[in-house]
């Protein structure tokens, strides 16, 4: 029996190693400086890259964070500080359920509300769809981190004459900040790789674009388009894009872990 | 902990965080409303038949979601079938059997699986998994194991298939089931293990008879969470399932899932009814995943509260 | 009941009762604390002395389902009056808790000055921030140990130092009354001694109420002592009398160590 368990562990680790190996091999060969700075080229033309898609992903992350972080942190504060009210219990449950909804559904939601009425795809719609996905994630991690702040700290602040809101913001939130940042980074890593919602909102763009009102390119979208195309040249670019995307996601996840360790050190 | 007689600052703060908290239930309502609104024309035209008809013919204005629904269920079931024993194995390995130095790296690796974007799984699936299945695994299953005689493995195997989708979903869903199972297993109190050991049970017997049953409903919750994920997975599936409106008994045949159908046909939808039909599929998916997730969360929550006793 | 004085007491507690939900923790306590006096509050575990203390700066009500009834007059004005904000009370009545609770994300300097950020009036005094910090640290007998590292994290200090930091933090806002809830319970003897010396000197500037389970400490630092039992005030007297000739037999039993 024990052997089976060890086998299970080995079989689980295998795909990850396989994927990473292929990514490195296929992606690295297609990766060059051009990739980061050039626009997508038609098949047959040399050069070409996903520079616009990389910028696009960064812009989408920015918009999503601008929407998702304040709402998520605020809601998390509410859940932590008004723990046992009926609204808190409902919100907590619904946040967990929202977390599990397919991202494509969030794309449809953003499409119906932000794209269809104006007959126009936009980076803003994409950013908001991603931001909406971030909200329940950030809410729950913020709640957990704020709850970890020991009660004596709150009491010490109140005893100094701090009002409730000042205690919550300048003492409690500040103390929990490391953990909250970690949670935010994890959420960002999650949405950075999302494709489905962008199919209906950001839609993709072959050119440089930073305007929020226009469709915008994004790394996952570009990878998808190239991967399902019949051209080898584009397949190679897809691998390169995948390598960069996974690289970005891993970097953000790493930063999240560093933030955790940093927080622990500050508390020793 | 709050002060009586709060000042203006406190009232504003209260109001702001309550408003932000309200965003969540409001957002959920809006999601349902938006999808339902987009789906309404199709639902009104087809009614109940939409769920059971296999006829998807945009030019004739006929839309039936049965193949997509079928494909969603089959691919997810296959994924769970493969992933659950593996995930449980890993969870048991990490929480009971692994030497301490191995725990962190292996746990880290499994969690890393969850960080890989769906489209990257799809890419790898198209260029690595599908050829692998076609050239090695399927011949093995069909000929060596003689499973080709069964309807499950009948028919030609060109590439994208239900099997490929099921396998990739299994890999994607594994870390979620494993993470929840790990948590639940480590929450089993020492007393349970010690009682079994004191009665003379071996390590494995302890796990099987004392630890696992205690964690059962939590593990089921984790599996349902994985199911929720599998049902809604889009990109990897749409790249590996073949995208054909077909109900087949064979795992080697192409098919459709609800999510991959929407993703695949959205940009080329011909006309309002087609779009609305896609959105109706989205509504079915939404309701299904909502129910599964709510159930899963309730199960996990219940385990946490009651201490997990079966 | 009160110590002999013709002036209005700094704190005048009248029929104070405190509850956690339905459970009564303090029952009908009436006591006067004279200005610039150190009052020690003693009693066995669970007698309500900490709850009583927390009623004096309206911290009690911050606990879930907690409420207080009765009046607590600070310079003749009831702090539980409808028009009085708890926040305003706490700026005049400072508190040091049993376990040191320095703010972990702040430096030593910022910790001490934390109370100055609490209100616009306090912030106005920010100009002399460095002076205020130094003075508070000196009074808390911590200055010489930290003068070269004010920018360091407060968490780098030892337990005893952290507690003195918390005392400095409370002093920096110049409170009129200082409440201490078993401040040296988790400290080493040297830190304990430093804090006791501080308390002894503080009486020249402010009124102090200290809850302690250490009878020798009560005897060392206080002018008057109050003995609590099961939520009620049994006896209050000048310290010397309390320990040599207590009037109530329960008090005698406690101070002679027969229970507690």
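Going in written order, the chains are labelled A, B and C, and every chain counts its residues from 1.
In the analysis below, a contact is a pair of C-beta atoms (placed from the backbone, for glycine too) under 8 Å apart; a residue touches a chain by one contact, two chains touch by 3 or more.
Computed from a predicted structure; not experimentally measured.
Peer 1: When you average C-alpha coordinates per chain, which one falls nearest the overall C-alpha average? Tell me, please.
Peer 2: Per-chain C-alpha centroids ranked by distance to the global centroid put A first.
Peer 1: With chain centres set to the mean of the C-alpha atoms, which chain is at the far end from chain A?
Peer 2: Farthest chain from chain A, going by C-alpha centroids: C.
Peer 1: Rounded to a whole Å, what is the gap between the Cα centroids of chain A and chain C?
Peer 2: About 48 Å, centre to centre.
Peer 1: Provide the C-alpha centroid distance between chain B and chain C, rounded to the nearest whole angstrom.
Peer 2: Taking the average C-alpha coordinate of chain B and of chain C, the gap between them is 57 Å.
Peer 1: If you average the Cα atoms of chain A and of chain B to get two centres, how far apart are those centres in Å?
Peer 2: That pair's centroid distance is 19 Å.
Peer 1: Which residues of chain A are in contact with two or more other chains?
Peer 2: 155, 158, 163, 166
Peer 1: Can you list the chain B residues in contact with two or more other chains?
Peer 2: Those would be 1-3, 7.
Peer 1: Give the residues of chain C that touch two or more other chains, as numbers and ranges in rising order.
Peer 2: Within chain C, the residues that touch at least two other chains are 62, 87.
Peer 1: Can you name the residues of chain A that touch chain B in the complex?
Peer 2: Where chain A meets chain B, its residues are 1-2, 4-9, 11-13, 15-16, 18-19, 22-23, 26, 70-75, 77-79, 81-82, 87-88, 90-91, 93-106, 108-109, 111-113, 116, 132, 135-136, 139, 151, 154-155, 158, 163-166, 168-169, 189-190, 192-196, 199-200, 220, 223-224, 227-228, 235, 238-239, 242, 245-246, 249-250, 253.
Peer 1: Give every residue of chain B touching chain A within the complex, in rising order.
Peer 2: Interface residues on the chain B side: 1-3, 6-7, 9-10, 12-14, 16-25, 27-28, 30-31, 34-35, 37-38, 85-90, 92-94, 97-98, 106, 109-110, 112-113, 115-124, 126-128, 171, 174, 178, 203-204, 208, 225, 228-229, 231-235, 239, 259, 262-263, 266-267, 279, 282, 285-286, 289-290, 292-294, 296-297, 301.
Peer 1: Which bits of chain C are touching chain A when the two form their complex?
Peer 2: Contact set of chain C toward chain A: 57, 59, 62, 87-88, 90-91, 94-95, 97, 99, 101, 103-105, 114-115, 117-119, 122, 153, 155, 166, 169-170, 173.
Peer 1: Note which residues of chain A are touching chain C in the complex, please.
Peer 2: Against chain C, chain A makes touches at 150, 152-153, 155-163, 166, 170-171, 174-175, 177, 266-268.
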